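You will see subunit A twice below: alongside subunit B first, and alongside subunit C after that.
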Partner chain A sequence: MLRFIIRRLLITVPTILVVLTITWALVRLAPGNFYSNEKAVPAAIEKNIREKYGLDKPWYQQYWKTMRGIVRLDFGTSLKYEGESVNAIIARSLPVSATVGILAYLLALVVGIFAGSIAALHPNSKRDYASMTLAMLGISIPNFVLGPILVFVFALTLYWLPPSRWNGFFSRNLILPVLTLSGLYMAYIARLTRAGMLEVLRSDYIRTARAKGLSEWQVVTRHALRGGLLPVVSYTGPALAFLVTGTVVVERIFVLPGLGNYFIQASLNRDEPLIIGIVAFIAITLLLANLVVDIAYAYLDPRIRY
Partner chain B sequence: MGNPNVNLLEVKHLRTYFDTEDGEVKAVDGISFALKRGETLGIVGESGSGKSVTNLSIIRLIPEPPGRIVSGEVLLDGVDILKLPAAQVRRIRGRRIAMIFQDPMTSLNPFMKISRQLMEITQLHLGHNRGQAYDHAIRMLEKVGIPDARARANGYPHELSGGMRQRVMIAMALSCEPELLIADEPTTALDVTIQAQILELIKTLKQATGTSVILITHDLGVVAGMTDHLIVMYAGKVFEQAPTTHMFALPANPYTRGLLRSVPDPMAQQGELYQIPGSPPDVAHLPPGCPFAPRCYRAEEICQREFPPMVQLTAEHSSLCHFAQEVYEESKLAVAATEPLGEGVS
Partner chain C sequence: MTLLDSYVRQVLAALLIAGSALGGIACRVVATPGVFYGSTTPPQRNILRYVNGDEPESLDPPVSSGQPEARIYMALFQGLVDYDPKSLNPIPALAERWDVNNDSSEFVFHLRHGARWSNGDPITAQDFVYSIRRALAPQFASKNAYLAYAITYAEAFNEKAVFAVDPATGQFVSEQDVASPAQPAGIALSQKPLGPAGSEYDAGAVGPHGDPDVKPQAGAETAFHQFMHSPPRLTLPSDEAKRNKLIASDPALKTALQGKQFVEVEDKDIGVEAVDDYTVRFSLSEPAPYFSGLVAHQLFRLTPRKIIEQFGDQWTAPEHIVTCGPFKLKAWLPYNELVVERDPVYWDAANVHLDEIHFFVSTDAPTSMNLYKVGEADVVLNHTVPNAWLDTIRSKKDYMDGAEAAIVYITMNVTKPPLNDVRVRRAFNMAIDKINYAKSRRITKPLSAFTPAGIFVGYPQPKGEDFNPEQARKLLGEAGFPVAAKSGGGFECKSFPVGQVEFTFNSNSSNKAMAEFMQAQWKQNLGVTVPLRSMEFKTFMNARAKLDYKGFAIGIWGADYMDPFTFLGLFTTTGGVNGTGWYDVKYVALLEEANRTLDHNQRYELLAKAEKYLLDAQPLIPVETTAVNFLKKPYVKGMYPNAASLYAWKFVSIERDSSKWDYGVPSLAE
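Here is the complex of A and B:
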């Protein structure tokens, strides 16, 4: 197990370097640059700017300079938010994104597992059809549609909740963005849970558990959930990746100062250090999260050994 | 443990049907039998004859829907299990009636330590605390012949061989000293040498504890040395019922005769092994007459038309056949022919 973890961590390093190289190249290949504006920049000023940021040097020297910084986890300073280091921007915006993302995923887990289990315990009942219809809707409606609908209903029509903006952690402002972000995962987890639980509930060892005289509740919680939820656990890895892209949209809709919003700004501004910094951060998070999922999997299923 | 002459279990006119897209399947259709304390009953029949459904019905483990117990009584010490509320049925399951299943590979929870799977049942029924339950689990594992029980108990089922897993199942089933053990094809998934060990184990444990056993199998070789009474099932019905030795010697039903003839005899090494022609009927669409008639060597016109009567041949021997008496006499003649000194079983 320890060898597996070390090996996976070692593979992480080249993976991230490849990701960042591609990112670096894509930023360079995209038209435009961070100092261009509607008005043309005078040639002399452009020459000055290019010298100041080292853009006059050959590409491999620039690449080397960027990568040397990254290895030391120093992503440099933003080109747009002058004087602010990329690390500081990430440190400031990460808690916002993490709060929304984690709350959304926890909500999705609780509601999804509950709805999926109910559906699996009463297959082809009204409850089953109701929850699976909702799940189908949840999967089909993209978050950039769901978000405005929720705002329209709960903020602009019923006046129950604020429509947007950041108002500190655990404020009412978080309810709509968290709901918007979790809708898809809730639906997906409900379906995964239903399928996993249905399969497990049909298995022989559940019959054994019932033959022991356990109550239906004990059968489900002690014997069925663990096997039935394995698909949900393995989904957590990819889900985190989609959460990241989800927050980009949701933070935009609800005007939250999170990582996703900065990422969009940085891309529009061709703010290379900030783009690379955020991509590096997300890549590391995802790779570590997937490692944690694999470890959790081995812990949950004793038959799996690495 | 009560009067040994009183029936521990009486099943009367049990009917369990399944609703399928193909119509109503009468998996068990009017089964009756009785079992005394300490006795072993064998139930044999082909796949789909209703053996397992009968026994799952006894402890109400039929998945509902699609299954449902239509009518009948299952009396355990005179109390009808089918009429009890679910909570009381759970107090019988595992405590008074325990089951072991066909496939030990899938019947144990792969995610749970063996010790916990064993402890669970005594904690539930005997009120053991963790320590008592653990000690009891180890004792049970030792009793069923698992070497190094302590180490094994801390492992998971996938670390054991099939035979060892079935031993764990047996240890689990016998943990609360049940009055009745239902073994549903306990050796079918195991190879032959392990089969013999497991059967021997069930036999010795049964003798030590006085537990009654219902042994479900399609293997006549298994029931021969194990059971006191035998029931032959076909298409959800009891075709023949008799003390085991009696049935082996004097079968009174063409189906039973066919089954007995299909058992390979290592002494007679000539010719092809007999097999009953055709295959078991589709229980969703049974003809009005005898369900075995299309495959029966003795079938006559009446068999296609009328459902056969249950013929009582002796006090303990009955057979569902229009020609039960004739077949019975044929068997007697056959015995007389092979044993000229007249030492036939009577």
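Here is the complex of A and C:
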């Protein structure tokens, strides 16, 4: 097990460096600069700016400088937001994204597993059809449609909830973004749970458990769910990594100061250190999340050994 | 099974409780439906919540060129003058009044006594000298620096240029030493030897309101003033290769520079001087009548020397920052909001009405509109009302609109055929029905000149050529591309090299609609189908600045200061903002002549003459004067839809008495 973890961690490092090199090159290849805006700067001023940020040096020197920083986990300072370090921006925006993401995923887990289990326990019943229809809707309605609908109903028509903006952790401003974000995941988890449960409920050890005389509740919660949730677990890793590192669309619709919003803005601003910092962070999170999933697998399914 | 059913019931109950909790949150009152857009409950405290657009890039005034930042700087920092809330003309701020010499090349600002920084330190003329030198330093690399290039040697300092000096005598080489007789150096009064004391200020304009009883004061004589009035020194590029090339190409220059040494232009050489603690004198290298209005710009706002020297680029951090405006920084939550609060040490604190202003970040127009509708925001920024919503919103009494000091036009790359022929350019201009286009845009005005229509009062704006498809076809034919009528109606122009032109624009929906309109017009009236090309914003800006496009490109320009020159000056340089490749020394000379003219009306006439010259050369197609449009709750008073969407915040207040509210657009008349 330990060897497996170490091996996985070792592959992670070159993967991330390749990702970052590609990112770096893409930012360089994109036309325009962080300082270009609707009023073009005169040549002399452009020269001043390029000298100030070291953009007049040869590309390999700039590449080396960037990579050296990354190895030390220092991503430098933002080009757009004067004097702001990329690390500080990530540290500030991550909790925002993580709060929304984790709350949304928890909600999705609770509702999704519940709906999926109901459907699996009563296959082809009205309850099954109802929950699966809802799940289908949840998967097909993109969050940039769901978000505005929720805003229209709960904020603009009923005046119950604020339509957007961040107002600290656990404020009522969070309700709409969390609902919007969880929709897709809820639906997906419901379907995964249903499929997983259906398969497990037909297996021999469930029959054994029933034959032992266990109550239906015990059969479902102790035996069926544990096996039936495996697909959900493998889905949780990457899903959570994406949710925690910011969801571009939802953060944009609800103007949340999270990583996703910064990521989009950094790309539009050609803010190279910030783009690379956020990409590095997302890549690391994603790879780690996958590792955690693999470990969780071994725990949940006694047949898997590394 | 029964167990699960009870589980279902429990969860349903929990959901019900959660639902009713949500319901219990509802507490907002929606008043007067129909008259205004959304809620109109004034806030309990004197707090203004303003949706300000993008996240500010920096709180350091000379750094940013953006409008969201400019509005924040107007709350936190002061300059010599400020923008009038209605007309945007300069009104006294840290300067009580100012005097101008006889050809608008020297400005003397008299500071008010008793103005203080937010930490209590007094504000003096030296603070201005420091701030302007800092803003222009090449290492500081401000994007706005070009705005101050009229100041003597400011451009040279910002470009790291050098003077040439004779090591034996210490004499500097002057421009006159190398000027060929063919190009007589037109020297501004500020650079000519000084006459008898004060004689340069005889006819000089007196600010702010031209009080005839107050005699202009040139300020005391100083060695620096003498230096400014000595013959203008020659400046050369600091880059040795570039300089040598320049010298080699000009024999007169070569002789004059024999055995000379080069010294860098320093910050102490630029034409800004603290004559005494309360007098700031600017020497300009060219007449610039608009200068007193220009110094309201953020580039010229005060920055605190002591704090900057202590904290470096961290000086704007909330724990360090020291400001000098009517408000000071209370909190900055990046990408969320920036809160400023009333500064009790501000010199005019008694007349500041608001306790706090919350600047919200939101770049998404519908999101901003939603915040406004539910009453989470009191005012949204300019251009936030989506075009498709206009029908619903326009009739509301809180909808603000007005003329904007900004234009939309089409640049043409005159360096490449077929648009290097003025007849072709004129034909494409005359083939567009701008009146109909403006109608389709609903809030803008058709434009036939290069300055915005109806912004500069008294400016005799010239008119470009009107929509005339017949004449357009004739011109195109004269240029060698005959247009023939097609049998089934319409026209065709087979010989026109369509492959050599494109209409390039940065992708957004309104630009796309515009490009399609123009394409249809040209096809309909000239029989030419110009391909469209959409680009991401920064890619586009880069391509246009480098003339890396063929045919046509969209152009948008907003005023940096309230004077026609902020538009006409675009074509006094060849690169960057020009975007067309068109440059004409005669045009530049016409503008210089106008700026040297002190009489306001006469100057306007000369500027108009230059503009006419530009329109005749037609490197661009004027399209429309854009419009300011936004929403403001009726209880917000003292805020006007002025032409630049910049607000002097100290005049803004919250009115709880609904009989005094604004029903409709408040008048911009003085």
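Convention: the second predicted complex is superposed on the first by the 301 of 306 C-alpha atoms of A that agree within 3 Å, B and C clash if a C-alpha of one lies under 4 Å from a C-alpha of the other, contacts with A are read in each partner's own complex, and residues count from 1 in each chain.
Operating definition for what follows: contacts are C-beta pairs under 8 Å (C-beta built on N, C-alpha and C of every residue); 3 or more make two chains touch, one makes a residue touch a chain.
Because the structure is a prediction, the values reported are computed rather than measured.
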>> Do subunit B and subunit C fit side by side on subunit A in the superposed arrangement, or is it a clash?
In response: fit
>> If you tally the residues of subunit A touched by each partner, is the higher count for subunit B or for subunit C?
In response: C
> Should A:188 be classified as contacting the first partner (subunit B), the second (subunit C), both, or neither?
Replying inline: neither
>> In the combined three-chain superposition, what is the angle centred on subunit A between subunit B and subunit C, taking C-alpha centres, to the nearest 10 degrees?
In response: 160
>> Quick one: is A:281 in contact with subunit B, with subunit C, with both, or with neither? Answer first, second, both or neither.
In response: neither
> Who does A:301 touch here: subunit B (first), subunit C (second), both, or neither?
Replying inline: first
> So, A:215: does it touch subunit B (first), subunit C (second), both, or neither?
Replying inline: both
> Does subunit B (first) or subunit C (second) touch A:235, or do both, or does neither?
Replying inline: neither
>> Quick one: is A:203 in contact with subunit B, with subunit C, with both, or with neither? Answer first, second, both or neither.
In response: first
>> After overlaying the two complexes, what is the shortest C-alpha distance between subunit B and subunit C, in Å?
In response: 10
> In the superposed arrangement, what residues of subunit A touch both subunit B and subunit C?
Replying inline: 215
>> Per the contact definition, I'd like the list of subunit B residues that touch subunit A in the complex.
In response: 59, 61, 87, 90-95, 98-99, 101, 103, 106-112, 120-121, 124-125, 156, 158, 169, 172
> What residues of subunit C sit close enough to touch subunit A in their complex?
Replying inline: 1, 3-4, 8, 11, 22-23, 25-26, 28, 30, 39, 55, 57-58, 60, 63, 65-66, 138-143, 145-146, 155, 158-160, 312-314, 316-317, 333-337, 360-364, 366-367, 370-371, 373-374, 376, 536-539, 541-545, 556-558, 573, 575-577, 579
> Considering the complex alone, what residue numbers of subunit A touch subunit C?
Replying inline: 30-33, 35-45, 47-49, 51-52, 80-84, 89, 92-93, 114, 118, 121, 148, 151, 154-156, 158-166, 172, 175, 215-217, 220, 252-255, 257, 261-262, 265, 268, 270
> In their complex, what parts of subunit A are in touch with subunit B?
Replying inline: 203-205, 207-215, 222-223, 226-227, 300-303
